[in-house]
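Lettered A, B, C and D in written order, each chain numbered from 1.
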Amino acid sequence: MKPIAAPELQTADWLNVDKPISLESLRGKVVLIEAFQMLCPGCVSHGLPQAMRVHRSFNGDDVAVVGLHTVFEHHDAQGTRAALTAFLHEYKIGFPVGIDAPSESGGLPETMARYRMQGTPTLILVDRLGRLRKQKFGMEEDLVLGAEIMSLICEGREAATAAGAA
Amino acid sequence: MKPIAAPELQTADWLNVDKPISLESLRGKVVLIEAFQMLCPGCVSHGLPQAMRVHRSFNGDDVAVVGLHTVFEHHDAQGTRAALTAFLHEYKIGFPVGIDAPSESGGLPETMARYRMQGTPTLILVDRLGRLRKQKFGMEEDLVLGAEIMSLICEGREAATAAGAA
Amino acid sequence: MKPIAAPELQTADWLNVDKPISLESLRGKVVLIEAFQMLCPGCVSHGLPQAMRVHRSFNGDDVAVVGLHTVFEHHDAQGTRAALTAFLHEYKIGFPVGIDAPSESGGLPETMARYRMQGTPTLILVDRLGRLRKQKFGMEEDLVLGAEIMSLICEGREAATAAGAA
Amino acid sequence: MKPIAAPELQTADWLNVDKPISLESLRGKVVLIEAFQMLCPGCVSHGLPQAMRVHRSFNGDDVAVVGLHTVFEHHDAQGTRAALTAFLHEYKIGFPVGIDAPSESGGLPETMARYRMQGTPTLILVDRLGRLRKQKFGMEEDLVLGAEIMSLICEGREAATAAGAA
């Protein structure tokens, strides 16, 4: 199996962070991308709380958690920066959240289209080398996700160990 | 104990219903009013699902369930009819929802102020005679709420029984 | 609909109470009987916690909660008074619990057989006049159960009201 | 940090397995030991279901899940093989379960004493080399546990990688 490079994030704006974030800038860390919509019940009840647990449980030097607001419906209700800001405040979501760049043609937003996501929530894991290692629409168990993230963290250690040994 | 008359609803608009609803028009039924904000986590996780269970479990001839969108913060994010419409659609909320009339002075919306609500969610029960019988800020257990609603339903039966007996 | 009289409890022993309890002795109260086995997962996770909530939420003058240990399998594991005593202690179950009288023929215990229960947990409601008003194998929603219990409580009030009016 | 060797299991009997299991015989695998009592509510609601998820989610070549019935109270209720057999059957627990050897002096059972466990449930992780790497009384989050197990799995891989590189 040979994983592809994870497509770069295409964003219109960012919240909870001073300047835009790119996958390029996170190289060396495992990255969890939580693609969501603020009016998506499964995102609110499951996807986002899980991303918050990952953000709280792992060392920020090893794992970066990034939200991606992929609005593909109800644009007038959830398409404004003000609405998203209020939402993040009320749900106490502290990790950086990018707003997926709207499509010029009116279809799915840019990042969502590049990843061919099927809907929200979508959970994505990118490894230390910037490769796409997991993409799942819907729910994932915490036990499985914890193991998968640690497996990607370990890959870096193994590489270091191998290099040191050699 | 002598309950007061429940203050009439002051609304700017209604969703999920053809024409405005008043407590006056619901006289003869027990009324559950669920005051909420669409960006209030406790409303989304507890208050609204409970109101939906009441709506599903009781006979509509006995109990009317009414939502009341009492926006007192984040007006730009949750203050539009479009935002609320999208929210009700996504969360599959089918009972009538009134939009609490904004205050002219910029304070709490009108109905919220009249009831002196402390925040959202607030659960209100009005009896068949239009009297305020319960008002609770925060969570209530299903077992207790089910009993309280039935107790108010029974009051009508008792009155009928007493009248019939006499 | 004309409800039948609830069959009397047939018990070998009682815990959490000084002397045996009969339905006869509870006449005038609504009675909730929770038939369970200590090694039945659905009883432990749902039926018994619900019975404990009823015991805590309703006035003991109106509602009596009674457990009934209906052992129909694993007799050597859960058939002793010592095992049941330890179980009630660990799960902090404080309401009276009767041990259903074992069948002489080795089949279902006596009370279980009389009620033709399908298994555990089984929830039973007996009204103030000793009539069987509900029997359900499996789970019941708290909202529904709270309403049903209150409806039976009210019947007594209605009778009193009717009598008083007349 | 230098972890100690995990004390060997001292057992009187085993269920769900043909012959006794020792940590020695599991060398090379990560081992999760779930110490429990069948009448311990926290074991039933949390510890054992989590151990079952680990058993289901990880490859048996990497991770062995072992239950340990550490009876330190209510011996007459939960101290028999028959009672434990019925319990494992009802809760559909399929991994091997050892019965901690009773103390000759009447105190804590042998393995429980050797590990100086504080109560049940206690979760223990042993690495591929037989060293004690985690011991926790009470609850652990699935996300954290999944990561910890995978970290121990990876240690073997790293060692192999280092060896291969060297």
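As a convention for this text, a contact is a pair of C-beta atoms (placed from the backbone, for glycine too) under 8 Å apart; a residue touches a chain by one contact, two chains touch by 3 or more.
Nothing here was measured: the structure is a model prediction, and the numbers come from that model.
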item	value
Chain whose Cα centroid lies at the greatest distance from that of chain C	A
Approximate Å spacing (C-alpha centroids) for the pair chain C, chain D	38
Euclidean distance of C-alpha centroids - chain A vs chain C, Å	51
Contacts with two or more other chains, residues of chain A listed in rising order	none
Overall pattern in which the protein chains touch one another (line/ring/star/complete/other)	ring
Contact set on chain A toward chain B in their complex	39-41, 44-45, 73-74, 76-78, 80, 82-87, 89-91
Interfacial residue positions of chain D with respect to chain A in the complex	50, 53-54, 57-58, 141-151, 153-154, 157-158, 161-166
